[in-house]
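In what follows, structures are represented as structure tokens.
What follows is chain A paired twice: with chain B in the first complex and chain C in the second.
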Partner chain A sequence: MAWIELENITKNFGKVSVIKNLSLQIEKGEFVSILGPSGCGKTTLLRLIAGLEVADKGKINIAGTDVTFSPPNVRKIAMVFQNYALYPHMTVFKNISYPLFIKKIPADEIKQRVNTIADNLKISPLLDRYPQQISGGQQQRVAVARAMIQTPNVFLLDEPLSNLDAMMRIEARGFLKYLLDKIGTTTIYVTHDQSEAMALANRIVVMQNGIIQQVGSPKDIYDKPSNIFVASFVGNPPMNLLQATINSTQVKIGDQYLDIKESITNLRKPLQNGKVYLGIRPEHISIYHEDSKNDGPIVEGEIFVSEPLGFETIITVIVSDQQIKVIKFGGSKNLKPGEKIKLQFKKNKIYIFEFETGYRINEIQGDDYDDH
Partner chain B sequence: MNKIRVSSAINYIFLSVVAAFFIAPVIWLFVTPFSNSPSLSISLGTPTLENFGSVFQDPAAIYSFGNSVIIAVGVTLATVICASLAAYIFSRYHFHGSNFLIFILILFSNIVSGTAAMVPLYMLNISLGLINSYLGVILTIAGGGIPTSIFILKSFFDSIPKSYEEAALVDGSSYSQMLFHIFLPLSKKGIIVIATLSFISAWGNFLIPFILLSSQRTYPASVTIYNFYTEMGLPNIGLISAYALLYTLPVIIGYLVVNKIFGFSFYGGIKG
Partner chain C sequence: MKNGFFNSKSGIIIVFLIPAFILIGVFLIFPAFWEFYLSMTNESLMGISAVHPQFVGISNFIDVLTDPSFYNSLVVTFIFVLESAIIGQAGLGMLLSLLTYRKKIFRTLVQVVAVLAWIIPDSVVAYLWIAFLDKNAGTFNNLLALLGLARTNWFYRYPLTTIVIFNIWRGTAFSMLMFSAAFDMIPPSYLEVADVMGVSWWRKFKDIIFPNLKRVFFSDLILITLWTFNVFTPYLLTQGGPGTATEILPIYIYLNAFQNFKIGYGAAISVIVLLINLVLASVYFTLSKEKEGISL
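This part shows the complex of A and B:
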């Protein structure tokens, strides 16, 4: 039995169905990230696991105990809230020690444990202050400290970095990963930021509208997205998705034919009317010159805009009325809007998605991932 | 320019008259008790504490203070306990028609505790056997004030993010631990305000004890003052004014408490 088991969970708020028949298993010690756009039900899912909401249908097991109807305080969990929820009438010390205080742990042991964790998180000088007297980044650490002071069955973190500014976020992310790796407690980390999920998790659960779209390692999610939603949600800039038609050897985008004999070998489904989305990541497109080696199909287009970002440049190209984003490393000279340009798609990085359902229907080189 | 000056001068004159109208009784209240020749006009004469001396020699003056304390404390306890429990539920759990229910309660409480309902209230107290008892007075005054207190406390509780309570539960506290360690400390200010306001209103309530109580011995200060005016052939202005000042003090202290509470800003949470 898995450490955490969600079985056919359904949750409605009034007439709004927020979680739809969701099942998920998490092993002990895993770091799982729940990734999805705002409003897709991530927080609700976390609150169901915490016991702050009760499921309308389904079962929840934590550490071998059925907790479906148990209140939060008996579930042995720790949670970092999106707004941190530090008790405003207590000092940082009191905040961190609250879970121990409630368990009536002796005062000197509390003191010693709080000091250890405060040292670890570099917040020792703040222990006598009140939450409203410290910065957002410090509040975040205090919230993490309050969660970590116990040894819970699972850590639940709800967008713990979203209240920090961009610079702090990267730093806090690294620190969080270091800490959570060191402790090794099972962690569920909710975020709408794909880069956070990619950077932190062993396993990513991609959600949309209360439904799990794909579960897999960060590499799987990135390399083998099972549908258009996952493909376009992960990666920055996201994957290009071009409307196209397909037959056994060629893809047609607008009036251009792309030779895809080598890239599209195993189509899982026979195609009805041939309408598909062709997916290609910006980093898998190169600018084609006469002397480039032949590494995949080529399309022609016109530069729309180019945005130099220092190390790389993002070029937007119009190909048969559809926009394609390309990442080019190095300089961006000679990339003027309106100029004609040839793009080459890396041949084994082309994805074909069924037009109606959005499911990927070509197999990707390497061990294919079973996405259903 | 000139026009503006003239109109603002008129404003000032008008406002001064209005202010004098309100301030004069207050000055009288603070001056007359210390006067050796107290009268209905404001004049200090030679300052003296004699008037207070005569208050403390009057047994009715002393025990009616005690009666006021019993009634006011009783009303305060009843109001705070009932209103905070109800306000918590109204704030945290939304059920169909909950806002309408509060509205109706406030509407009826204002009618019921007003003069118009005195006859039915009297009959009710008689049939409940509560006539001429403090309990009857306490329940009747509290009943009139609780709905408004619920409304005020509910708005106050609404401003306390629910996530503190949720964090406390997740941190392992039981519901009662959460209530005592997290929610009550956070809502302390609102509850103190309600306690103070209901104390003040019970302390100053004249009509209900006047109607529901029938023996001198049980009258609170508000009724006793009235009796001082009406029952002694020639009113003893010195005694009455000193008594009135003492009677006003708890109210003034109460308002100072409320002011102190709102002088400091409320704990701010972080927006989620």
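This part shows the complex of A and C:
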């Protein structure tokens, strides 16, 4: 039996259906990230697990106990809220120690445990301050410390980094990963930021409109997105999705024919009318020169704009009235808007999605990471 | 020519504040000093001293402070304030806003009822209560009679309790509105974190809710204490009687100044009441400023 089991969970707020018949299993010690756009029901799902909301249908098991109708405190979970919810009238020390204080743990043990955690989280010098007197990143650590000190069955973190500025966020992300790896507690981490999910989690659950779209390792989610939504939500810049028509050997984008025999050898479904989306990630497109090796189909287009970002350059190319983004590493000389350009798609990185349903219908072989 | 004063920020602020200062001066500060002056005279409504009031120094104050009926009024007032304002209005207001926390419809209902009691004019309210509690024809006694209980003349049997309950009924809305607004300012996540930790409801109130609404709480106490200390409406119900059972200080002042025509004497009581009010207000201020967290 898995450590956390959600079985056919449904949750409505009035007429709004927020979680729709959702099932998920999480093993002990896993770091699972729930990823999805805002409003898709991530917070609601976390609150259901915490017991702050009660499901309309379904069952929740935590650590072998059915807690579907149990109040939050018996579930042995600890939650870090998006706004941290630190008590403004208590010092950092009192905030962190409060969960122990209300369990009537002796004062010297409290002191010792707070000090250990504060050391781990590098917030010892802040213990006498009030939350308003420390930075956002420090507040986030205090909130994590208050959760850790409860030694819970599972940590529930609701977008813990979203209140930080971009610089702080990356630093805090690394620290959080280091810390949670070290203590090894099962963690469910909610975020709308795909890079956070990719960087932190062992497993990612991609959600949209209260429905799980895909569950898998970060690599799986990235390499084998099961539908257009996942494909376009993960990756930055997102995957290019081009409207195309297809037959057994060729794809037609606008008036250009691409030879993609090798990408469509094993389609899962017979093609209906041939209308599909062709997906290709910006990092899997290269600029084709006469002397390039033949590594996949080639399209012609016109440069729309190029954005140098230092190490890499993002080039937007118009191909038969559709925009394609390309990541080019190195310099961006000779990439002037209006110029003609040839692009080569890496042949085993081409995705074919059914036009009507958005599901991927070609199988992706291999999991080589030999890019660039 | 550019005028430095009117162009500076503080200059503008002062200009805009002048009307307010004038109003406060005319209607609050001046009467207070006038009251103080009167309290040192033997001014009265009739007789020679009405025309030529004489300066009598602190003799009015000595008279007040040696008058047993003043102490009776003081005690009645303190009981009245403690029971009807602090325990009644603030306590009940707190309870109601806690019970209706995040229960929108229920809260609206309770608030409508409470606010109605608060906004009806004094004289109408007095009439309603007299009609409600009338021994023979009153609704309340009719109800008791229906239940087989004895009819009671509430204004005679339990005069102070009656006006205490009256004042609770009349004023709870204000405290409830204040506290409810303050509750709504507390992020729900403060309490949800506590729920997850398994904090008892009493601890949640003591450690989380109360510290976050302490300022509002003491501001409310200041206001309702002073209002209740100075409220005159019970006169419409009991005229201070029977005997002196409900003779709260405002009624005592009124009776002395305008029924016994001793304006100077009444002014002296007013000055004493003013001082008591100042002391009470500063006690509350001190309490609300006190920094305090949980104690380990």
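The criterion applied here is as follows: the second predicted complex is superposed on the first by the 366 of 372 C-alpha atoms of A that agree within 3 Å, B and C clash if a C-alpha of one lies under 4 Å from a C-alpha of the other, contacts with A are read in each partner's own complex, and residues count from 1 in each chain.
Methods note: a residue touches a chain if its C-beta (ideal position, glycine included) is under 8 Å from a C-beta of that chain, and two chains touch if they have at least 3 such contacts.
All values derive from a computational prediction rather than experimental measurement.
Student: Once chain A from each complex is brought into register, does chain C clash with chain B or fit beside it?
Tutor: By the criteria stated at the top, chain C and chain B clash after superposition.
Student: Just chain B (first), just chain C (second), both, or neither: which does A:Leu267 touch?
Tutor: The answer is neither, since A:Leu267 touches no partner chain.
Student: Have a look at where A:Ala107 lands relative to chain B and chain C in the superposition and call it first, second, both or neither.
Tutor: It touches chain C, and chain B stays clear.
Student: Going by the contact rule set out at the top, does A:Gln132 touch chain B (first), chain C (second), both, or neither?
Tutor: The first partner, chain B, only.
Student: Per the contact definition in the header, classify A:Ala2: touching chain B only (first), chain C only (second), both, or neither.
Tutor: neither
Student: By the touch definition at the top of the document, which applies to A:His89: first (chain B), second (chain C), both, or neither?
Tutor: A:His89 sits against chain B and chain C alike.
Student: Which partner does A:Asn163 contact after superposing on A: first (chain B), second (chain C), both, neither?
Tutor: A:Asn163 contacts chain B only, not chain C.
Student: Check whether A:Ser97 is in contact with chain B, with chain C, with both or with neither, and answer first, second, both or neither.
Tutor: second
Student: Going by the contact definition given at the top, which residues of chain A touch chain B in one complex and chain C in the other?
Tutor: In chain A, residues 50-52, 71-73, 77-79, 81-83, 85, 87-89, 98-99, 102-103, 146, 150 are touched by chain B and also by chain C.
Student: Under the stated contact criterion, what part of chain A meets chain C in this complex?
Tutor: For chain A paired with chain C, touching residues are 50-52, 71-74, 77-79, 81-83, 85, 87-91, 94, 97-99, 101-103, 107, 110, 146, 150.
Student: Quick check on the complex: what are the chain B residues that touch chain A?
Tutor: 161, 163-164, 166-175, 177, 181-182, 185-186, 267-272
Student: Which residues, counting only chain C, touch chain A once they are in their complex?
Tutor: Those in contact with chain A are residues 187, 189-190, 192-193, 195-200, 203, 207-208, 211-212, 292-294, 296.
Student: Inside the complex, what are the residues of chain A that reach chain B?
Tutor: Answer in residue numbers: 50-52, 71-73, 76-79, 81-89, 98-99, 102-103, 132, 136, 139, 146, 150, 163.
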